[in-house]
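Sharing a structure here in C-alpha cells format.
Note that the chains take the letters A, B and C in the order they are written out, and that residue 1 is the start of every chain.
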Amino acid sequence: MKGLRIIVTVKQVPDTADVKIDPKTNSLMREGIPSILNPEDKNAVEAALCLKQQHGGTIIAITMGPPQAEEVLGEVLAMGADQGVLLTDRAFAGSDTLITAFTLSRAIMKLGKYDLILCGRQAIDGDTAQVGPQLAGFLELPQVTYAEHISIEKGNAVVRRGLEDSTEWVRVKLPTLVTVTAAVNAPRYPMLYNVEAACDGSRIIIWGAQELKVPETMLGLNASPTGVKKIFEPERKKKGQIITGDPKDMTGILIDKLQELNML
Amino acid sequence: MDFKLTKQQKLTRNIARDFARHELEPFAQEWDEKMEFPREAIAKMRSLGFMGICIPQEYGGCGLDTVCYVLTIEELAKACASTAIIVGVHNSMGAYPIYLLGTDAQKKKYLSGLAAGKKLGAFALTEPNAGSDPVSMETTAEQQGKSYILNGTKTFITNGGTSDIVIVMAYTDRSKRGKGITAFIVEKKFKGFTAGPKENKLGIRASDTCELIFENCPVPATNVLGPFGGGLNAALEALNLGRVGVAAQALGVARRAMEACVTYSRERKQFGRPIADFQAIQWAIADMATEIEAARGLIFKAATLKDQGASFATEGAMAKLYASEVAMRTATKAVQIHGGYGCMKDYAVERCFRDAKVIEIYEGTSEIQRLIIARDVMR
Amino acid sequence: MITLIPKKCIACKLCVKACLFGGVRLEHKTPVLTELCTGCGACIDVCRAGAIVSSGKSTGQIHNLALYKGIWVIAEQRRARLHPVTAELLGKARELADVRKTNVSAVVLGADIKHLSNVLIQHGADRVFIADAPFLEPYRTIPAERVIAGLIDKHKPEIILLGATTMGRDLAPRLANRFRTGLTADCTGLTIAADDGLLHQTRPAFGGNIMATITTPRHRPQMATVRPGVMQPQFFPDRNGETISVKVKQQASDNAVQILKTVKKRKSSISLEKAEVIVSGGRGLGESKNFRLLEKLARVFSGQVGASRAVVDMGWIAHEHQVGQTGKTVRPRIYIACGISGAVQHLAGMQESDIIIAINKDPQAPIMQIAHFGLVGDFKRIIPELIEQLKPAS
C-alpha cells in the first residue's frame, strides 16, 4: 500500500458551551456565539493525522455548510491535513442528516478512491450521531462506530469500540467508515506555521450542486424526509419554595416539608 | 477601505483564541497569584509557531503579517496578559531586531532558533537610572581584541531570567551620546552575565521581570547587531513594533474586562432585576465597547502601515497610548461594576485592573508616547 | 411521473445509484420503479440510454402512506437479557398504539433468546419477531440491518422505535438510510396524531438549550431513537401475543466486521440512574475536595453523588458522575443540587426528579427557579446541619 488516502468529514458548529438563555426574555441568546470546529470531528482529524504519521498518505477534509464553513477547513489544514473540500450551495440548505449524508457521499464518490473515512461520532449542535452511519450506508461501506482506538494492519482496520458496559475490538477490511469519540485521542492544536499554506487558496476545493451533478430536487430542505415542526424552550417547572435564614432553621424546615411529603 | 480580516488573519486569530481559551485562561489566575512563569504553555506555543509569527518561513517562522501578530497578542492577552507579553517581547523585541538588522550569519545562528521557539528572546534597554531617557544609560561595552566587554545593570527586563538570548544596548562611545550606543546579541551562557531574582510586581506577575547584571561579560564582535553606534535607532525601531504589540495586549485586557461586565451584569440582580437593566451599567458598557473599537482601529492602522512598509512610529505610539489607557479605564469601571466582587481575586477584573496599570507604564509610559506623538505633530 | 422504457435499458445501474430514495431497482436486468419513487427525475438525468422519461409532473406525494401500519420496537438484548430501554420503548409504543388504534410489534435478534418473546409481550408487544441464530449474537451492524430491513420491507410498519444506545444509534441510521426515510435521534417526547399517524418527535438540541419537535410527513416508516430512562415501562403479567420465528441465513457480507474480543467494563460502583437519592455538586463547591462533604450526605440517604458538566470538565470528579444533556438522565426521588447554578444542559438531565432541593448562595440562580425547595446559603454550613438532623431519624 502506498500510504493511506483518508477522508475526514468535519462540521462547523456554534459553540454551544457559550449558548445562554436571556433571563428576561427566556430566549436563546445566539448573537455573537463563535463558530468552532465540532469537537469530535477534531478527534477524527487527529486520528487521521496519527495514521498518516504511521503509514504515510493523504488526508482530505470535507465539510458542507455556508461559505464561512471554509474557516474550519483552514483550521483542519493548519492541523496538518493535506486538502479541504467545501460543499456549499444554497440548494444544500436545510438538509437533514439523511440528505447531508447523501450530499457528502456524492462528493466523496467524486473524489475517487479512498481507504478510510473518519467522522466524529456526533456534532454538538444536533447530537444525532446519524451522518456517519448514513454516509456509510450511501457508500455501501461497513461501519465501525464509537471508536476509541484505531490501527491499520495489512489492509484492515482494527478498532476498539467503547460501548456502554463493554469494550469491543473489531477488525474490518478497508475501505471502511469509522466514527470516533472524544476518547480516541487528544487533538493537537492547529499550527501558526501552517496558516500561510492553508490560506494560499490551493488547498481548498469548493463544490456546489452543479459540480456534484445532483439535481436540486434531491437536495436540501425539500428532499429531507424530516422537518422541524416547532422549536421551543425546555419546560421549566414552576417556582418552588425559597427557604432562607440560619442553616439550622432552614434544614429544620426542609426536613419537616420532606416528612410531610413522605419523602424520608 | 476594507475592514474585513483576510483568511490568514481570521485563521490566525481563531488558532490563538482556541489555544488561549484552553491552555491559558484556566491557569492565568494561578500563575498570577504564584508569580509562576507559564513554562508548559510556552513550550506548547513554541511547537505551534507562536514564537516566530512574522519571521519568514525560511528562518523557521510563520511568515505572517503584523495584523496577524497583533490579533494573536490580543487573544493571548484576553486569557492571560502575562503570557501575551512573554510572547510579544520575544517576537517583537527578541527576534524582530535580528531579522531587521542581523547579518546572514547572525540570522542563521540566532534567528532560526528564536523563530522556532527553541530559544527565548529578551530586550535590555532600561536601567535603574535610565528609563524614559535611554541616553542616560550607564552600561558600557569596551573593545578588547575581537570582543566587547560589557559592564552595567539593566532593570525591569521582561523574560530577563528565562531568556536565552538578549539584545543589550550599551555605550561604545559615551561622548557621542545617542549615536554612541550599540546593540549586542548576548547569550545567556556568556561569562559574567547573570540575572537577578524575579521581581514581585503589581500586575503582569507571571511574566519574568528581573535585573540583568553584566560584570566583565565578553561578547564577540560578530555579535554587534546593526550598525556600530546605531543601537539607539535599532532600539527605537524594535520599540515601534513592541508598542503595537503592547497596544494589542491592552486591547485584550480591555475586552476581557468588558466581557466580564456583560456576563456579570446579566447575572447579578439588585433591586429585583439584573443590573444590566440599569442605564448606568448600559452606558458604562457602551463607552467601553466604543473605546475598545477605537483602540482596535488605531492598532490595525499601525499594523497595516507596517505591513505596507510605511512609517508607523507615530501611529504605534498613539495605539499604545490610547489602548493602554482604554484598558485602564475599562478595568477600573469593570471593578466598580463588580462592586465588592471586583476586589476579589476570584474575579478576572481584579487581575485586569492590576495588569492594565502595568501596561500603561512599560514599553514607554503614556507620557513618553505623548512626547513622541507631539514631536511628530508639532515639528 | 417517471416512466421506464425497458427495451432501451442497458442495465448500467446508473439510475439505481443516482436515486436517493431507492425508487428504482434492477430486476433481471430490467429496471422497475418501487413505491419509494418520488418522481424527482434524478434517474432521467443520468440515464444515457434514454430508457427513463418523465411523463407529466411530479406529484410531490411520496409514498402510499396508508400502506404502513403498526408500531415497531427494535428490542435490544445482550447475552439473552433485555436492555431496560426496550421495556421503556414498549411502554411508549403501547401508549401510541392505543391512540392510533393499531398494534405493537417487537423485533429481537440474537442467539438462544426464545424466552424473551414472553417478556416482550408482557411489556406491551402484540407480536414478536424473533430471529434466533448464532451469527446474530453479539450485535453487528450489517447482519442486523439486513435481517430487520427484510422484515420492514415485508410488513411495512408505520413507526419504528429504537433505544438511543450505542446499538440503537449504530443501527437506526442504517435502517433509515435503506428506506430513505426520516430518523429523529434521542427523542425525549413522542406523541401521535390519531388520524394520520404523524409522529411528533421532541428532542433537545443545542446542548439542551432548545427543544425541537420533528416530524417525517411524507416518508414511512417514521423512525426515532429514544434516550434510556426517559419513557416509562408498563407491565401486563397476563398479556397474550403472537410470536413469529424469522428464518435467517448467514451471508458472506455479514462478516465484513469481525469481533475479535469483548471485555466487560469494570463495573462502576455508581449507577446514578438507579439511585433513589442523588447529591450533586457544581462549580459553587469551590474545589474538588468538597465533594467529600457531598459523599457524606449521600451516604446518609444511601444515595449517590452526581456532578455538573463544569466540574467534570475541570477534572474534579469522574465523568460517570455527570448529570445532564451530555451526561446521564436521572429521575431520583430526591435530587439535591449543591453549588450548581442550573445551566440548561444540567437541568435537561435531572428536572424529572420527584423532589429537587437546591442549596445555593444565589437565590436568583436558575436552579432555584425549578427547585421545589431552595435553601439560600453556604453548602459548607447547610450540609453538615442536614447530616446532623437526618442521622437520628435514619
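Assume a contact is a pair of C-beta atoms (placed from the backbone, for glycine too) under 8 Å apart; a residue touches a chain by one contact, two chains touch by 3 or more.
Since the structure is predicted, the reported quantities are computational estimates derived from the model, not experimental observations.
No other pair of chains shares as many C-beta contacts as A-C.
Of all the chains shown, the one with its CA centroid nearest the global CA centroid is A. Chain A and chain B have Cα centroids lying 38 Å from one another. Mean C-alpha position of chain B lies 53 Å from that of chain C. Taking each chain's centre as the mean of its C-alpha atoms, chain A lies 19 Å from chain C.
The set of chain B residues touching two or more other chains comprises 267.
For chain C, the set of residues touching two or more other chains is empty. Those residues of chain A in touch with two or more other chains are numbered 23. Within the complex, the chain C residues that touch chain A are 20, 38, 40-42, 45-46, 58, 78, 138, 141-142, 165-167, 169-170, 172-174, 176-178, 180-186, 200, 204-219, 256-265, 267, 325, 333-334, 344, 347-348, 351, 354-357, 363, 366, 368-378, 381-382, 385-386, 389-390, 393.
Residue ranges of chain A in contact with chain B, taken from their complex: 22-24, 34, 36, 70-71, 74-75, 78, 189-196, 198-199. Residues 14, 16-17, 19, 21, 23, 28, 96-99, 101-102, 124-134, 136-138, 142-146, 158, 161, 163-173, 176, 213-215, 217-218, 223-237, 239-244, 247-248, 250-252, 254-255, 257-258, 261, 263-264 of chain A touch chain C in their complex.
By the touch criterion stated above, chain B contacts chain A in their complex at residues 6-8, 10-12, 14-19, 44, 47-50, 53, 57, 62-64, 68, 72, 266-267, 274, 277.
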